[in-house]
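Each in structure tokens, the structures are laid out below.
In what follows, chain A forms one complex with chain B and a second complex with chain C.
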Partner chain A sequence: MSLLTPYIPFLLLGLLTTLLLSAVAFPISIVLGLSVAHARVGRSPAMRGFAKAFVTVFRSLPELLVMFLSFYGINFLLNGVGGALGIPMPNATPFVAAVIALSIQFGAYSAEILRDAHRSLPVGLAEAGRAVGLTEAKVRSRIVTPLMLRASLPSLGNLYLVLLKISALASAIGVDELTRRSNLVSGAIKDPFLCFGVAALGYLLLAGLGSLIQEWVFGRRFAKGGPVSVH
Partner chain B sequence: MSIDLLYLPEFWWAVLRGLGITVFLTITTMALGLLVGTGIALLRLYATWPLRWFAIVYVFIFRGVPLLVLLFFFYYGAPRIPGIQQTFFWDLIFASALSTAVFALTLNNGGYLAEIIRGGILTVPRGLIEAGEAIGMTPVRVFFRITLPVGFRNIVASLGNETIAVIKASAITSIITIRDLLGGPVVVGKIYLDQFTPLLVAAVFYFALVQIVEFATQRLIAGLAVGNGDRKAL
Partner chain C sequence: MKLKAATILVAALVGNAFATASQAQETISVGIDAAFAPFAFVKPNGDISGYEYDLVVAVCEKMNVTCNISNVPWDGIFASLEAGNIQWIGTGVTISDARKAQYTMSNTVYRVGLVMLVKKDAPVSSYDELKGKIIGTLASTEPWYAFGRAKLGEGVDIRGYDSIDAAVLDLDAGRISAVIGDNLQLQDQFVSKGGYKFVAEPEYAQEFTGAGRGWVFQKGNTELADKVNAALAEAVADGTHAEIGKRYFGTAVPAK
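Up next, the complex of A and B:
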């Protein structure tokens, strides 16, 4: 234990990066998920097809693969564009690549959750909006979206806990978060059991806190979210 | 970025071998995970407090810790346990990266399956179990003849989802040197300085694999709907 003591602040910063990564990626994925869910229940067949393809593809791909695709893909694009324009482009940082990968993939997951919520909404509410003369856009933004979000809150809470765990994969492309830092410390003090044990505790702590907050915020009435399917 | 990789037999060989390893990991993990998961679910439902708490803690830990951390924990940690290399566990589990991967995936998957199986058992109508008891079946026989088959039918969809989750999670084992469908092609790509093509090829195969499992699950659900008065599904 004494060997690990000097590294505790280092690991805590890693924990903060894990939190930051998920805190940035999650809202983006919800916005993306909302757009895709709306496209999927909308009138345009092209948009519906596109949204369905997006969800099917990104629910099928392993998170690690998407992480690598994002990392190499973004730099490939940036270099290509930079080369064509004749200006040197900066490389994307691992953090940005990880945020993009997580946002896209969890966007697909949350789109599926939100679409399920949409299915459970009473039709009468949207019809009431149209009856009082709201435009289709207003019906969607003022009635359908808030109700969809409220109905899917418990499932989205569970999805956030999944995102926290999956964010460990960002260490594979070099994001300096908890798992990567534990790996570094483990190399330094030659005690992998202790280091990864501490990392595991960190994740359990976040998961436990997350579940508690979920209970407090949403209470018993909302607590029947059920497990999230993430494929 | 070269297209050369796609004309390289070595590359496609790595893809095929990787596909084999991913399928092997998925099947082994699901089979072992079902054993572990059923055991944990039974402890959670029917055991008294020490074992029941063990089941609760098991599920909390192995569902809460990221698989990557679990893999690192055993892959780097296990060889450092003093004296382990002389024991049975070493030869069985920790001597190779592949068996370590199966071990960690099973622990993780077992936690998820335990919750699914517990849910399935809880959905079995009380009356069916009482009927079995009433005609004099022993509790063990009631479990194997009534609770398990009826419960299983209720969780086929969840088991399909879990299989897909394992296919996707098994890609993480490439970080501990497993040359699966992700790791194999990526290693060849590194040699030929093309990191992007292997990812796209692997993505196509993962997509196909997941669609196959999805289709099979749908067929299985349709097939098992027999006797529910839902013959249209056939």
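Up next, the complex of A and C:
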């Protein structure tokens, strides 16, 4: 334990990085998921096809592979283009690449969740909106989207916890998050059980906080609006 | 007003991009996997330290360039080199023909012997007694596998691990009977702390340790390799290399 003590701030920074990574990637993935879900239930066949392809591809690929593709792929392209043009290009940092990989992939997952939520909405609500003269865009932004989000809240909370844990894969491309830092400390003090045990506590803490926030939001939204009823 | 703000933003971004570009010409980006005490590891403040790190720093000083040394996980270190994120792998890797075919390598930076580590109370005193047993080692270390096959027979079951620590954990758990590794690391981490021993004296034969350990550059980047080799020779000649060996292992490490 005494060997680990000086590394506690180092590990705490890793905990913060993990939190930051998921806190940045998750909202982006929800926005992406909403756009894809709307495209999938929209009128344009081209958009529907594109959305379906996007969801199929990124739900099928392993997260680690997408992580590697994102980091090395982006920089390979940047350096390739830079080399061809004769201008050295700045490189994507591991953090940015990890955010891109997580956002895209969890965008695909959340698109499916949100589409399901959309299916559960009573058609009458959107029709009522149209009947009172709202435009299609207004019906989507004022009626459909909030109801979709509310109906999918439990599943999205679950998805956040998955993202939190999957974000550990970012350690493979060198993001200094909790898993990578525990690995580094374990390499320095040669006590893997202790180091990864501390990391496990860190993840439990973050997941517990996430669940609390979810319960709070869930309870509050439902107390205010009440459940969606079908008549 | 919006337009003006946008112009400033674009100017800042473009200016930034060019600043990065001109900087990239003067500095060399080096990747080291610092999860490997005493070769390269992080200190509590996050700085990299260790034998290999100090060697890279010493050579950079002799070359009179700024080296931007970053901590890159071993799993992706070769991909980082190929993608151009780094120009120089500062973790010493065993020089082999297979690697030379794919990358440009430096001259020998240092040489280590190969050993098999067993538990201290294991009833093993020669390689013969390990025949037919399961052995562990670091994955992607071809010459180490060759060493295992040479000592224990072609059909030996060698399991690859992400790190030597993981292999030794499985040795403790009894899943494997011995761990193949380099004498410097295993001595420092395990034998010196008790509980483990080497089956035999370190093996330095060229067929396994080849040309020893060297640094890796992108294929064809002989310009950088030549500069690094010259600076390395200088560091060996003036005793810097030996001094760094003493700092971490209590003795100079063979440089040829």
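Here, the second predicted complex is superposed on the first by the 213 of 231 C-alpha atoms of A that agree within 3 Å, B and C clash if a C-alpha of one lies under 4 Å from a C-alpha of the other, contacts with A are read in each partner's own complex, and residues count from 1 in each chain.
Everything below uses one rule, namely that a residue touches a chain if its C-beta (ideal position, glycine included) is under 8 Å from a C-beta of that chain, and two chains touch if they have at least 3 such contacts.
Source: prediction; values computed, not measured.
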| item | value |
| --- | --- |
| Chain A as common anchor, with chain B and chain C clashing or fitting | clash |
| Which of chain B and chain C A:F196 touches, first, second, both or neither | first |
| Touched partner set for A:I28, first chain B, second chain C, both or neither | neither |
| First (chain B), second (chain C), both or neither touched by A:G208 | first |
| First (chain B), second (chain C), both or neither touched by A:I87 | second |
| Touching partner for A:S60 - first (chain B), second (chain C), both, neither | first |
| Chain B versus chain C as contact partner of A:V41, first or second or both or neither | neither |
| Partner chain in contact with A:L69 - chain B first, chain C second, else both or neither | first |
| Chain B versus chain C as contact partner of A:A172, first or second or both or neither | both |
| Partner chain(s) touched by A:L149 [first = chain B, second = chain C, both, neither] | neither |
| On chain A, positions contacted by chain B and by chain C | 68, 72-73, 76, 171-172, 183, 186, 190, 192 |
| Partner chain A, residues of chain C touching it in the complex | 16-17, 20-21, 24-25, 34-37, 41-46, 70-73, 75-76, 79-80, 82-85, 163, 165-166, 169, 189 |
| Contact set on chain B toward chain A in their complex | 1, 60-61, 64-70, 72-73, 76-77, 80-81, 115-116, 158, 161, 164-165, 167-172, 174-175, 182, 186, 195-196, 199-200, 202-203, 206-207, 210-211 |
| Residue numbers on chain A that touch chain B, as the complex places them | 57, 59-65, 68-69, 72-73, 76, 165-166, 168-169, 171-172, 179, 182-183, 186, 190-193, 196-197, 199-200, 203-204, 207-208, 227, 229-231 |
| Chain A residues within the chain C interface of the complex | 6-7, 9-10, 13, 68, 71-73, 75-76, 79, 87-91, 171-174, 176, 180, 183-190, 192 |
